[in-house]
Amino acid sequence: VTIDERLAELGIVLPATTAPVANYVSTRRSGNLLYVSGHVSRRAGAVVSGRVGDDIDTKTAYELARLAALDILGTVHAALGSLDDVTLIKITGFVNSAPGFTEQPAVINGASDLFVQLLGAERGAHARSAIGVAQLPLGAAVEVEAILEVGSGTATNR
Amino acid sequence: VTIDERLAELGIVLPATTAPVANYVSTRRSGNLLYVSGHVSRRAGAVVSGRVGDDIDTKTAYELARLAALDILGTVHAALGSLDDVTLIKITGFVNSAPGFTEQPAVINGASDLFVQLLGAERGAHARSAIGVAQLPLGAAVEVEAILEVGSGTATNR
Amino acid sequence: VTIDERLAELGIVLPATTAPVANYVSTRRSGNLLYVSGHVSRRAGAVVSGRVGDDIDTKTAYELARLAALDILGTVHAALGSLDDVTLIKITGFVNSAPGFTEQPAVINGASDLFVQLLGAERGAHARSAIGVAQLPLGAAVEVEAILEVGSGTATNR
């Protein structure tokens, strides 16, 4: 089963992605490592802004992290033409957090769950940090960045 | 002298580590690089929460960063079975910071000092960023993530 | 044209850099990847502190991000003796942000623009994340860290 077939089975359409309008790029590769720029929470291309724990609740933020992960996969698919050769290595999830909000892991689970659902337990496994930040670009509620391995898939958990 | 012997000399027992209860893993390796997930400040397994510069002072936070680093080494030891083949490359230290608190480097020194003490000046040397954040998972005072090199130890400082 | 020649043409003198006064190093290399520690905003060596969106405006912060990028290149030049063999891979830009400030990308453009101006469109291209944080070391307005590739320059954007 290819990832494209799995996406079709799940009824998921990868979002169209747009190149940054600044002097950086969406993906940059050194050797087998593909660095993916921070992707902020969007719905249908529009940034979803707000402070989690204040005007956005944990369940909604989980969904926004899932959408950011989907955007990352859309970006990688556009760059490589397929998701069949990628293995996830590391993600960092930044949550625009109200002062007392401490459920960043529950939010970033939205990204982790999506990655494992689509790439599978082996290729989707990843190290992770979840962080609560004061603010994000355009007031976004969530931002996720990723490092993937392209190619032979020699990544392991140890 | 093995790292286990050095730990014994210093009277340090690496903490037991637990696997994340979510869709991510503690360590993920691509080639020689081992990415270690963010580890929050804990004592005897329990998260130590608080805002540094407010209810936690710099000296206590230094100690918490040291404990997070020790947890990281416990995780890596559990994954690889030994610390004799690892070289530190980079750490990022996130400090749950009161608005006016600017001593993040002094806090993260607790991690840096521990790594160099245990791994030695050559294998323990590392690049670093220290950041003050609005909030951390479970309200933790400190979170540290790391990238290590496994194997031949060809890392250098230039 | 070497990077040193381009610097001379542009009338840019790379700042002198100083080694960290703690147990970490400015640059750490594993294989072809060179990790550069977080560099805070400085003018003539002195940290420029302040909160962007409050006592520092976006335009000034853009300039501070540019200076941090220049400091990074000064550090890399000092480590390697030249900038002719480096290719940029990834930067993370942390902006000390007032609660309502959401123009982190416009600030970090100061670093991205400098890197592309000096290294060129191919070697200067990079993935990026821009984050708004509660506080930075010494109260700095901006902090930038980087990952570069040293050597054959096989980095690509996909």
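Each chain carries a letter (A, B and C) given by its place in the written order, and its residues are counted from 1.
Note that a residue touches a chain if its C-beta (ideal position, glycine included) is under 8 Å from a C-beta of that chain, and two chains touch if they have at least 3 such contacts.
As the structure is a computational prediction, the values presented were derived from the model and not from experiment.
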Legend entry - Superposition rotation for chain A onto chain B, Cα-based, multiple of 5°: 120
Inset, instruction - Please state whether the interface between chain A and chain C is built from the same residues or different ones, using more than half shared residue numbers as the mark of same. - result: different
Inset, instruction - Averaging only over C-alpha atoms, locate the centres of chain A and chain C and give their separation in whole Å. - result: 24
Inset, instruction - Give me the residues of chain C that touch two or more other chains. - result: 31, 33, 92, 133-134
Legend entry - chain A residues within the chain B interface of the complex: 31-33, 87-92, 97-105, 109, 112-113, 115-116, 124-134, 147, 149, 154-158
Legend entry - Residue numbers on chain C that touch chain B, as the complex places them: 20, 22-31, 33-38, 49, 79-80, 92, 94, 133-139, 143, 145
